[in-house]
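One chain, chain A, appears in both complexes that follow, with chain B as partner in the first and chain C in the second.
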Partner chain A sequence: MDEFQTGEETAFVVDEVSTIIKESVEGAIGGNAYQHSRVNQWTTNVVEQSLSQLSKLGKPFKYIVTCVIMQKNGAGLQTASSCFWDNTTDGSCTVRWGNKSMYCIVSVFGLAI
Partner chain B sequence: MAAKHARGSEVPATASVRESQEKSSKAVEVSGGAPSLLRRQSCRPSSRPAPSQAHAHTKPQALFSLKGLVATQKFSKALKERIALKIAMRNIPARKPIVIVNEQVPAGSAQPAEMFPCGLIHRMLQDFLSSRLEAMDYSAPSCGGLVKALSEEVKALVRTVCPDRYRLVCTVALGQLGPEGQQGYGGLVLASRSLWDPHIDTCVAHTYQSQEMFCTANVFAVYFE
Partner chain C sequence: MFPTTVEKVTLGSLHFRKRKCCYVKMEGTDTGGNTYLIRPNYHHKFKAAVVKECIHDILREQLSGVQYDPDEVGVLSRSLADCIKDKLKDVGFDRYKLVVQVVIGEQRGEGVKMAARCFWDADTDSYAQDIFMNDSLFCVAAAFGSYFY
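Here is the complex of A and B:
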């Protein structure tokens, strides 16, 4: 088994990932108001854009990206996640974004290969 | 001899053997005859020496006898059947055995000893969620802690049947429905996409819905080589 340098190159860097996610969300649903007919397309765009930007990082990781888009109408939403992995090499990052009409919650889980 | 075998009865009488021999010889003769006649006929159009000569060949003689041709066909057919029977009795397989490959493993993909049991996990999620959330009402303060507990419990549950070397990510989303909240699923969309090895990594999801709330549990299983 090769010895990987546990430096910046092969660890899960939360800041970098969260920047990428924020950019993807802004790009996909930036100035839009909630529209029921377009929500499906938006969630797809957000996850696909995030995933393509993450793969461009070129790190030896498998990624899981989940996205929740919810209309702001007073209803409540709770989310939680639990993971069984190696804490030294794997990590996750959650970004909460919102505008006047909707919330968007994106979670990225990165598992080292 | 072949004819005797095919008939299936051991008749030692020489008369019958002689008869079959005569027949076979006749068949050879006739079949030998006919092709030569046919050959002469086929030669004719390719080499046309002079029209007068060709005419001399064609008109006076009968080139072939229909009866002879029919007889040849009958004999050859009978011969073919006899040979086929002989081969069948020797038990030679007619075709090569075909190998069917069920699982096409893509090149470069890892091959775990045991795959993740998606169907079983899905059933377990169904039972777990329905039993845990049957008589629950949604209330913002209590459901925060509930969701965390649920996600830990789902993880523990899946770990009992999870094969070796698989890493798990379990997410639980619990939301409010009803007149105050969304109408049905109108106001909420959950999506996920992953960059992994699709042959060995997988995801299982289940949504439980009641009058007041919905709960979605997701389990992602990623193999570590």
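Here is the complex of A and C:
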């Protein structure tokens, strides 16, 4: 009979997730300038790469990853989220990344099974 | 132990006993609390169409005629997210964990793209989203529902 591990294995670790997301964003859109024709592909890449890295962690979590890429134009952007979950096991992490021509905001929500 | 009644039946010259057995019916277990359902009933599934309409109504109601104001947009987006979440709780997705994300941006002709991917159980979990735009702002609201086994 397998022992069910509790404690550090089944909590949402913000730092770990944050590192994974930063790497995914750098890898997908690292040195690029905003291009309308490519932004579709970029968002897909960021999100898919993040998700595959998160699933490799092997934790008993369901993940929701959202990514917003916005051209730098002087406009403002605000993101808010409201969640109905179990505070002890579930968590979220938001990473803001930017270069000279665009912003990228990635939010990850982890829901324990 | 089953209570039994024994009847003596005579049929001509044959004597035999007919045994009647009565079974005691066990009390049914209480079906209140946790039923260990691993799949929601069709009626209790996260219905994307219903949720989309809820979101649509709330956005229309709260954002019509609103101008983008950097000082207030924080409070506004937070209250929208809470409002949508509370409305969904009332609709009655009992076994679902809800995540509602609201993005409000200023309209200045910039390009924006939003994408989402989810690692979940496609049978039970789903999402709904809606977009509201006026001259000075745009708002995207997405609600994700994840079944809690």
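The rule is simple: the second predicted complex is superposed on the first by the 107 of 113 C-alpha atoms of A that agree within 3 Å, B and C clash if a C-alpha of one lies under 4 Å from a C-alpha of the other, contacts with A are read in each partner's own complex, and residues count from 1 in each chain.
Simple rule for what comes next: a residue touches a chain if its C-beta (ideal position, glycine included) is under 8 Å from a C-beta of that chain, and two chains touch if they have at least 3 such contacts.
Note that this is a predicted model, so its numbers are computed, not measured.
Taken together through their common chain A, the two structures put chain B and chain C in a clash. Applying the stated contact rule after C-alpha superposition, one finds that A:Ala75 touches each of chain B and chain C. After overlaying the two complexes on the shared chain, residue contacts for A:Leu111 are found with chain B and with chain C alike.
Once chain A of one complex is fitted onto chain A of the other, the partner contacts of A:Thr43 extend to both chain B and chain C. In the superposed pair of complexes, A:Thr66 makes contact with chain B and with chain C alike. In the superposed pair of complexes, A:Cys83 makes contact with chain B and with chain C alike. When the two structures are aligned on the shared chain, A:Glu16 is found in touch with neither chain B nor chain C. Of the residues of chain A, those at positions 34, 36, 39-40, 42-44, 46-48, 51, 54-55, 62-71, 73-86, 90, 92, 107, 109, 111, 113 touch chain B in one of the two structures and chain C in the other. Contact residues on chain C toward chain A in their complex (touch as defined above): 68, 70, 73-74, 76-78, 80-82, 84-85, 88-89, 97-121, 125, 127, 142, 144, 146, 149.
Chain A makes touch with chain B in their complex at residues 34, 36, 39-40, 42-44, 46-48, 51, 54-55, 62-71, 73-86, 90, 92, 107, 109, 111, 113.
The residues of chain B lying in touch with chain A in their complex are 138, 140, 143-144, 146-148, 150-152, 154-155, 159, 162, 167-177, 180-182, 186-197, 201, 203, 218, 220, 222, 224-225. Residue ranges of chain A in contact with chain C, taken from their complex: 34, 36, 39-40, 42-44, 46-48, 50-51, 54-55, 62-86, 90, 92, 107, 109, 111, 113.
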